[in-house]
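Before anything else, here's the structure in question.
Each chain gets a letter, A, B and C, in the order it is written, and its residues are counted from 1.
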Amino acid sequence: MSVPAQKPVTQQAVNTRPVQLWVAQILAILRIELKKNLMKKRNIWIYLLAFGPVVVIALHVLLGSSDPGGLSEDTNILADIFQLFYLRLAIFFGCMILFTWLYRGEVVEKSLHYYFLAPVRREILIIGKFLAGAITATFIFGLAFFCCFGLMYAHYGRAGMAFVFSGPGLGQLFAYLGVTALACLGYGSVFLALSLIIKNPILPGAAVLLWETFHAVLPSLLQKFSVMFYLKQLCPVSLLPDDGLSLFIVITEPVSPWLAVPGLLCLCAAILIFACFRIRRTEISYLAD
Amino acid sequence: MAVYKRTYKAYRGAMTPGWSRFTVLSRYGFATLFDSRMFTAFTVLSFVPFLVCLVFVYVLHSATAQQVLHAQFGRDPNSIMTNYWFLSFLGVQAWMSFILTAWAAPGMVSKDFANSSVQLYLSRPLSRAEYLLGKVSVLVVLLSFTTWIPTLVLFLLHASLQGHGWGWDNLWLAFAIIVSGLMWIALISLLAMALSVLVKWRIAATALLLAIFFLLPGFSFVIEAILRTAWGSLLNLPYVVTLAWAQMFRVSAPQHFRGRFGMVPTWSAWVTVITVCVLCVWLLHSKLKAREVERG
Amino acid sequence: MISPNNQIVFENVSKFYGEILGVNRVNLSLPPGVTSLVGPNGSGKTTLMNLMTGLVQPTQGKVSVLGLTPDQPEELFRYIGYCAQFDSFPKGVTGYEFINSFLRLRGLSSQDANRLTWEAIERVGMTEAARRKVAGYSKGMRQRMRLAQALAHHPTVLVLDEPLNGLDPMARSESIALFEALGKQGMHVIVSSHVLHEVDKISDQVVLMSFGYVVAEGQISGVRSEVKEHPMQILVRCSRPSMLASRLFAQDHVVEAKLHTDGAGLLVRTHDADSFYKLLSQIVQDKEDDFKLEAVAPADDDVNSVYQYLIGSGGGTV
């Protein structure tokens, strides 16, 4: 080890304007976290979850017939899959794994203190990590659903093209992707906040799942504290009424999208603000869990 | 003479027989489980339906008790205590035991892996199979006492109160209760063990177990809807198990099981259960090795 | 109390982990230079360092570092480098990425971060291994890498928790030389250790800790004399305590000898434990005295016993 003269504290080329510094720091956090999130071996589960239906649809395309009469049926099936599988289960579980690990993982791997020792506000840390999680989740699930959508209609050739580009198809796709992003934000904030309070998020996670599934039977004020409440109103194609599970998809109190989107974002922001307060008081204690 | 030679003496006392060595693990397993007050409370809670049903069966057969309670069941107890009744009871207990497993099982093995204590166990006179046996036996005993044993006790109670050889005539039902219970126990305990060995982290193992029971059904729905086939439901373990049970208990499968594309044959349900169990055993066998290189 | 801006100040700081005591009522003011925190396992060294760096918050009292508190992370952590006790890294990084990514987090441009990263890596002699995954490092290599990370941004306050752990003798003496040089430049270098004579040569001040209390602090010579002046209590249980007492009073290092009420024990206060033990063994060997010794134990857990423990037999050479 050499002992060159240590210069007195370098005031390092740190940006003077705080906002600029914050942005640079958030970008640095994103760089670290995105790489971790997208590449981590453990996250193979999320990919499996997201791309499972794509594989199934690909099989369908390979094996099935392509008579144009199936197109409207397939549109309904796609809606079913989105609401019953992606929204209720896959994105929910995916966000649970991803966002819980954002914070809990640092504790389990005993690396949280490196973040806490950097000249970064802990609020910035939370926001940076949240964004990294949200981008990852939106990317994975958005891409997966995009593939589902593409495969489903590409399979119908001309008729499919017409449906997508001159029919309602494209609008539906954007709506689906938008809802996916909102779902990732909503569930993400819930799980990030939960992971700050509770070591084992399984029990509260199960409670959240029940809450989100059965929120339709709650009083209307309480319904507004559910992520599903906003999301299901934004879905472009409503489900077939005869479906056994549609009981949980009933909309009791319609809200216009102009309220649903800000409503969800407010809910998400409130949860994040809570998380920020929480992280300020967090101490490093890597006890076994 | 070196000091250690004077003071160190190998143990020469009596030893427990080798075959029972694994029970040490079971003993400690139980002790750690019931250290948690929450867990103990839930275990007690899972006996509540049993006690209620015990009283119910008794009242059903006792005219005096019915008078005291002003209850009127009137009809023949046999028309209530059907095979369907026993199946429902076993179903309730099965879900209770599932929660117990999701709670208890992942902590038992994944901690050993996370803290590299598997090596410590395996460097004792304890084989891999015995290590597993020690851990699994905890689950098997716990789950037996919450699933088929209470059901069997209810069966025996009813049979003894009923008399007239009812028990002998319905011996197949007792058999169904035991086999169904053991099948369920084997499935969930092997699955829980295999998953915790696979991911080595308690929370993740619990999540994965829950995902297999609640998320895979969603995926099976996707397969059914897109491929227009009933075979997707083979991924739906609760569905598959219920089908197999229905066959054992000689009842017809629930109406809503017959989806848009019909129902899978019952033999395929059995094949699925057995395949899952075999897969889990294989996974446990291949993952449970003392790892040579350990880094902190 | 006004805290001068170049000091690390603890004002009546206590930290409890639930029921467990971490540190209790610490009042310290550390000037620049090399400071050693010395104490046995569980005495609160790590806790004190975590308090300094805001990783844990005091249950009571206030901590300030160069006039800044941990509530101002953006300012404070520009000046602090902390090499914690946890031998852990973010998953899957190489040594280079590890240091570089956290420098980028400070808001540095990629060229600056790159330059500082290599400088730090060279400083701990890890240039060859820098591109390898940290997971494949040996313990000493990991220790060096973490030291490099703490040093990389040129902190003014360097907090190092057991930095010599796992280092080979060469690296050990190099590290010690490095700490000394950094201290000479006016930095705060705070080093924890279990063994006093490992660090006392380079320490400008020493803080001795035991059971969560700071039992002695100051310049190394001051600490030594403080310890020396403090008489040590020893409890002897034996058959003829009064005979022992009379023999003891002939010695000038014995301050006090109290007979125990049950007539089978003696409490001795002495300045020189070694001479006392020597005398005791003489008496025991004297067959004529018919003296039966049952037990000898230090009767206090304070500075002396800690000090004895920390410096071991080397204490005689102080």
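Side notes on the structure shown:
We take it that contacts are C-beta pairs under 8 Å (C-beta built on N, C-alpha and C of every residue); 3 or more make two chains touch, one makes a residue touch a chain.
Computed from a predicted model, the values in this text were never measured in an experiment.
Relative to the whole-protein C-alpha centroid, the nearest chain centroid is that of A. Farthest chain from subunit C, judged by C-alpha centroids: B. Inter-chain spacing, taken between the CA centroids of subunit A and subunit C, is 47 Å. The mean-CA centres of subunit A and subunit B are about 34 angstrom from one another, to the nearest whole unit. Mean C-alpha positions place subunit B and subunit C at a centre distance of 53 Å. In subunit C, the positions touching at least two other chains are 88.
Contact residues on subunit A toward subunit C in their complex (touch as defined above): 1-15, 18, 21, 24-25, 28-29, 31-32, 36, 39-40, 106, 109-111, 113-122, 281, 283-286. Across the complex, subunit A is touched by residues 17, 50, 53-57, 73-80, 82, 84, 86, 88-92, 101-102, 104-109, 112, 122-125, 144, 149, 153-156, 171, 174-175, 177-178, 181-182, 185-187 of subunit C. If you check the complex, the residues on subunit B that touch subunit A are 102, 111, 115, 199, 201-204, 206-208, 210-211, 214-215, 218-219, 221-223, 225-228, 256. Chain contact summary for the complex, subunit A toward subunit B: residues 42, 45, 49, 52-53, 56-57, 59-60, 63-64, 77, 80-81, 84-85, 88-90, 93, 96-97, 100, 104, 108, 200-202, 205-206, 209, 244, 288-289.
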